[in-house]
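One chain, chain A, appears in both complexes that follow, with chain B as partner in the first and chain C in the second.
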Partner chain A sequence: MAAPLVLVVLAAVTVRAALFRSSLAAFIAERVEVASPLNAWKRVVEGLALLDLGVSPYSGAIFHETPLIIYLFHFLIEYAELVFMITDVLTAVALYLAIQDFNKVVFKKQKLLIELDKYAPDVAELIQTPMEMHYIPLKVALFYLLNPYTVMSCVAKSTCAINNSVIALFILATIKGSAFLSAVFLALATYQSLYPLTLFAPALLYLLQRQFIPIKLKSKSFWLYTMQYASLYLCSLVVIICLSFFLLNSWDFIPSVYGFILSVPDLTPNIGLFWYFFAEMFEHFSLFFVCVFQINVFFYTIPLAIKLKEHPVFFMFVQIAIISVFKSYPTVGDVALYMAFLPVWSHLYRFLRNIFILSCVLIFCSFLFPVLWHLWIYAGSANSNFYYAITLTFNIGQILLISDYFYAFLRREYYLTHGLHLTRQDGTEAMLVLK
Partner chain B sequence: MAAAVPGLSRARAAAAALLLGCCCCGAALTGGVQDQAEQFFRSGHTNNWAVLVCTSRFWFNYRHVANTLSVYRSVKRLGIPDSHIVLMLADDMACNPRNPKPATVFSHKNMELNVYGDDVEVDYRSYEVTVENFLRVLTGRIPPSTPRSKRLLSDDRSNILIYMTGHGGNGFLKFQDSEEITNVELADAFEQMWQKRRYNELLFIIDTCQGASMYERFYSPNIMALASSQVGEDSLSHQPDLGIGVHLMDRYTFYVLEFLEEIHPASQTNMNDLFQVCPKSLCVSTPGHRTDLFQRDPQNVLITDFFGSVRKVEITTETISLDRDLTGFESKFPEDELATEPLKYAEQLPVAQIIHQKPKQKDWHPPGGFILGLWALIIMVFFKTYGIKHMKHVF
Partner chain C sequence: RGMAAAAVLLLLLLVAGPVPGRAGAGRERRDALREELLLSPLPTGDVAATFQFRTRWDADLQRGAVSHYRLFPKALGRLVAALGVRELHLALTQGFWRTRFWGQPPLQAPAGAELWVWFQPTVTDVDRAWKELSNILSGIFCASLNFIDSTNTVTPTASFKPLGLANGTDHHLLRYAVLPREVVCTENLTPWKKLLPCGSKAGLAVLLKAERLFHSSYHSQAVHIRPVCQDASCLAVSWELRQTLTVVFDIFSSGQGKKDWSLFKMFSRTLTDACPLASQSKVYVDISPKNKEKELLEVTPPPTSVHEAVVQGDKKTYAVYDLLSPSLFNTSRSLNVQLKWKRPQDSSEMPVPVLHAQRYVGGYGLQTGDICTLIYNTHPYRAFPVILLETVPWYLRLYVHTLTIITKGKENKPSYIHYQPAQDRRRPHLLEMLIQLPANSITKITIQFERALLKWTEYPPDPNHGFYVGSSVLSALVPSVIAMKDVDVEQSPLFTSLFPSSDGSSYFVRLYTEPLLVNLPTPDFSMPYNVICLTCTVVAVCYGSFYNLLTRTFHVEEPSRGGLAKRLANVIRKFRGVPPL
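On to the complex of A and B.
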């Protein structure tokens, strides 16, 4: 499997290198869908330039990256293109290895459940075979590397690629079973952008499953492991934050990074839901609505944890998708990360109900974003409502995609345990709905 | 054209003096002629420009247009040609449908003085009078397609008169009822002009309410400023004309116009007289002026240095010996000149340095403690994950 992966990597690197050298690079770097105030490259350059002039980069409202990014790019700024290409390749390879391991886990679990007769007799066609699962890791790497969103994000040199690679490494560490590394990478991901905090739950569930600790609230070993993992995570987070203090000898980065993410002061349009609301809201209510919008990201973790406690990797996928829809400054790079996982659930295809319309919605909206931006900003014949309509449609498409996959996943699980041909009590055919 | 003028006028002056001095003797007269020759080098300017701006529109602001046209008339009469005047009028009063006397703009009741005339050339009219256009005219940052008549093509030997009128407040002047120019912007524009060598000396006159606030922020050298009222005072209009139905002029400009009507191209009236125009008894507001940035004594500054365009031609039949130390004339200025070193233009961009610039050394480096801590952590994580046994392979 290494050779096809190398080929895919080479193809991806070629595409990116070609785009870097073309005139599209400058155009893409300015697009608001690709570069948000949090991860735009020109802000990184600006911050480093301010630092060379002796001014703290956090003193204005321009630089919202963490000190570790300052450290990384201080030495690597001349090789920025190479860094971003390597980051993308790293993400893809991490996802490849993670999904390879995950497939083994899925297969082992499936075998166990078959031997325990947990499955209904007529579900042979739903069972995943190694043959069909053989190419999934390659497809995942392919989906990530050659996704136009990822390519645009890389060409724009948006640090979203670095976020994605940290999350991918976290997923790799979790699936490999190393609690320590997983906690360290999760702490790094949370430190980088606040929202991966919600990935603590799926990681914990996965590690508990791997250690064969039952997830019961009364179980002592459950709480012990949870405490261990939580303390590893929190300690690494604290250590990283304290270390960042020593870069510039100030705590300025905390309001600039986390305060900025949470309070959303910059209302540049992006593909998210925050900017339009807060652009027209009265000051009086903005605190309340900021809290409501931010809670929306974290809110789904507990219900999903309860429902999906047997399937933590799917939970992780849904959680990453929810983060990328509801976060305060999303970009297409975030969307690309969860889209990379779609081949893993390709066996759900027969249960997806709206996949055609949703893929059409997502593709059309992606094309309409620059069109309506041009109409609004340059031609002056549209206004922000038009652009926000496309943003809304895009996000609705994403949410429906997530819920469609969720429904398909649960439906398959139900069929596995109850058989494919469901009948009601009076013998007629029954239809499964998600209530 | 402007750059050739200094050489040209000096050469012309020297040629005129020399040619006609061939048939003279009379040592007694040499002294007087020497004085006259000194006059050439009294003021450092060789050409004059005027930028006259009226910033308000609508019929009831007739007086602002009349103010500007009065100054335009005086300035033209005293010799500045239309090619050297940038006239910006925000509205057309002469052909306004409400004007009972079309094609005229009067500056005095009983319609004594029509300042519109037959040969008015308005460069920026109506909606073209904006803050942006005004600042572009001053700083010269004009798109290449702008016609010459709309450009201020001054050089470092130009004396510029800038007259502004309209509605103003403390620190701002209103343009067209929709935007403002602040005193800070104006001061920065003048500084740009100084740095780009666009003026030799500048006279700034403003006739608005609280006009003195507009010159408070100037910081460039060689600027003299006059205003019609102090901060907190309003500039009042002079008199309404019952025939036309609006006020025709503002008081300050009315009395300035009266004063300027007495001036002719050869008059020796100096700036101190202009400062006395319109005392509080006549103007109700207190006119103000600012001369601290100006290097010459206002006593020695002729009105025609700014309001007129006086060619430096003196006809004489005497011989004048123009010796090499003509700069010695400058030392014959009265002693109460400011004893500062002559103000030079700011250093232009040091081109030599830029061409040979090496890549910039990064001045900031992460502190050693941070790097140590970070790498120690990374190594600890590595060994915790992969086991201590790998250590022996590393060392």
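On to the complex of A and C.
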């Protein structure tokens, strides 16, 4: 398995290196779909230049990266291209190893449930076989590395790649079962972009499952483990934040990074829903809707945890997807991360209802984004509504894609337990509805 | 006896009477008004008229309650005392002084309104005093100075040193703001004229009629208040109020083909007398020969005297008309100074000023752009440094790592940079640099910016007109061609004594570049409700799908017994005797 992975990595690195040297690099770096005010490379360079001038990078409204990025790039700014290529490769390898382990866990669980006769007798075609699961990790790495979104994100040197690699390492640590590393990487991911806080729930559920601790609210061991994991997470977060304080000896980075993420003052267009909404918001309701939109990202966690407590990795996928759609400054790099997981659920293909339309919508919208941007900003013949419409369509496409996969997943679970060929009471073929 | 008593009483009164008068005279502060008008023909054939009215008052406005105002306007005096102002400079300008064609200006101001103030060290809350001051001045001058707030106020560190007496210059006491969009009109001129001791009824101010003054290519009126030394020993402080008005009349806007000027042609008025309250009232006409030849200009009537001075590094000759001299109004009751060109102007003779600058916006589209400033040093062999101050509003996000300064093809690193980045909706960018300009060179300064999308309520009523960026300020000590002698401030004409000169080899110049007009991307202003509905619909699609999937479970579909219509049809079929559906 290593050789194909190495080939894939080589191909990905070649594509990126070729694009770095071409004239497209400057064009891609300017694109608002790829670089947002939070992770644009231009702003990292600006922050470092301000530091050289003796001004705190957080005294202005340009730089919204965490001090960790300052630490990292203060020494590595000459090798920025190499750093981003290595980050992408690291993410892909982490996902590869994580999915490899996850497949083993899925297979073991499946075997256990078959032996316990939990499955209906006629679901043989729904059971996943090692043969079809063999190439999934490679496909995941491939999906991530050769996804045009990831390539563009890397060529633009958007720090989204670093965030993605931290999340991928967190997933690897969780699936391997190491609570300490999982907590550390989750703290790092939260520190970088705040929203991965919601991944605490799926990670906890997975680790509990792995430790064979039943998820009952009255169980003492459940609470004990939860407290352990939570304290590991909080302690690492506190340590990282204190280390950041010592970089510039001030707490300025907290309003500049987290205040910025939460209060959305910068309305630069991006592929998300926030910018135009707050550009057209009545001043009176601005605070209310900011709160509503931010809560919207976080509040799916508990219901999903209740519904998907037996399937924490799928929960993690849905959660990452919700973050990418509803975060305050999304970019295509965030979309690429959850898209990398789609091969893991390739066995759900037969239950997906709208996959063709949704993939067409996503592909067309991706092509229309730069066209309508050009018409608005450069040609002056369109206005902001055109770009906004494509944003809406793209987000609807993503939302329906996630809910389609969710539907397919739940449907397969129903069939596994109730049998594939369902009949009604009078013997005719039954229809399945969601009631 | 009654008569004797009355006589004694009268005597007592006579003795006691003058005493309060004398004590009163001792308490009375001396104030003096000087007014002058400088007419300088410009190389392009236009003529610039600079009025200066200077009221000097030997009172300390800061200490001690002064209640008797004579020449010094009470509105400004009380303002200075109440808010702890040390120096105040307010200028309202319409048009742009074209330094390249008109030469170095005596006093330039940027387009729009400019206000910069040094506060006394005793002022504890400078920002609050600044806000109050701008609001009060807005009322006094009928200008929208109340729009000065933290988003257009900066604290320069090097460019605006005090022009009057100062001990210690903590730049936290300085505030500078410019409103480039402000227009100047008659409503601003009238209160400005009201501050003059003679109003517009006598003296040089009779020429200030709005319908001629605003028919010009450049109109700038300013108020400068500063403390100065009372005499050479500088033991006491007196306060000086200078009101200056500069106007440039050009051939095209005044509608005449010939380039001969006269006071009547320019102002449609002539001078009849001096202001009775003025201690000095003079008209200076610049008749300096160009290129050391005979005069180009002929002035009638013959002047009362001729004055030679070194102004801005150049030897200049002035024809002086002293309105207080009795011989002036002997022949005619009014004075109409006429200037006639002796020979036609040759455009190749136009002298180029030593320092001039240009600024423009480069780039295309509504996403990014760059601000380019070109500074020209045309001195053949002397290099000198210049301080550049740029104030850029927060919605043009400057990237200081893209700042490049190129002189003669090579990079020119500034010896001092002070950069304060902007904070969204709170303060603008401030960039101050000390750049060395080599002799005979052009320096190009470029900095890139990104245009922000604002909230729909933050756009001005005409959003596609664009947003103004205030002029940048260039302050330099320009080396002069001829050494200047140290002259007594009191004896020299007013137009030479606004900027203190430290030594005779260079003179201080403050130039302003063009204001910029930059377009920002706009949202659709008719769409707030639609946008809110559509975005909330997308969020609701997600919420709805997830709600369904989370709260409902799969069930096998039960055959339905049919709706109401089907049941009704079945009842009718039973009556007809036909099998049911």
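Observations, loosely collected:
In this section, the second predicted complex is superposed on the first by the 431 of 435 C-alpha atoms of A that agree within 3 Å, B and C clash if a C-alpha of one lies under 4 Å from a C-alpha of the other, contacts with A are read in each partner's own complex, and residues count from 1 in each chain.
By our rule, a contact is a pair of C-beta atoms (placed from the backbone, for glycine too) under 8 Å apart; a residue touches a chain by one contact, two chains touch by 3 or more.
Not measured: the values here are computed from a predicted model.
Overlaying the two complexes via chain A brings chain B and chain C into a clash. Residue contacts after overlaying the shared chain place A:367 against neither chain B nor chain C. Contacts of A:356 after superposition: neither chain B nor chain C is touched.
In the superposition on chain A, contact is made by A:296 with chain C only, not with chain B. Partner contacting the larger number of chain A residues, of chain B and chain C: C.
Once the two complexes are laid over each other on the shared chain, residue contacts for A:212 go to neither chain B nor chain C. Contacts of A:181 after superposition on the shared chain: chain B is touched, whereas chain C is not. Contacts of A:410 after superposition on the shared chain: chain C is touched, whereas chain B is not.
In the superposition on chain A, A:392 makes contact with chain C only, while chain B stays out of contact range. When the two complexes are superposed via chain A, 333-341 is the only one of 9-17, 27-35, 315-323 or 333-341 in chain B with C-alpha atoms clashing against chain C.
The residues of chain A shared by its contacts with chain B and with chain C are 53. Contact residues on chain A toward chain B in their complex (touch as defined above): 51-54, 68, 70-71, 74, 178, 180-181, 184, 239, 243, 246-247, 249.
The part of chain A that touches chain C in the complex is made up of residues 30, 32, 42, 45-46, 48-50, 53, 55, 59-62, 265-269, 273, 275-283, 293, 296, 300, 303-304, 306-307, 322, 325-326, 376-378, 380, 383-385, 388, 392, 395-396, 399-400, 403, 406-407, 410-411, 414, 422, 424, 426, 430-435.
By the touch criterion stated above, chain B contacts chain A in their complex at residues 360, 362-367, 369-371, 373-374, 377, 381, 384-385.
Residues 364-368, 394, 397, 399-401, 417, 419-425, 452-457, 521-524, 527-528, 531-532, 534-535, 538-539, 541-543, 545-546, 548-550, 552-559 of chain C are the ones touching chain A in the complex.
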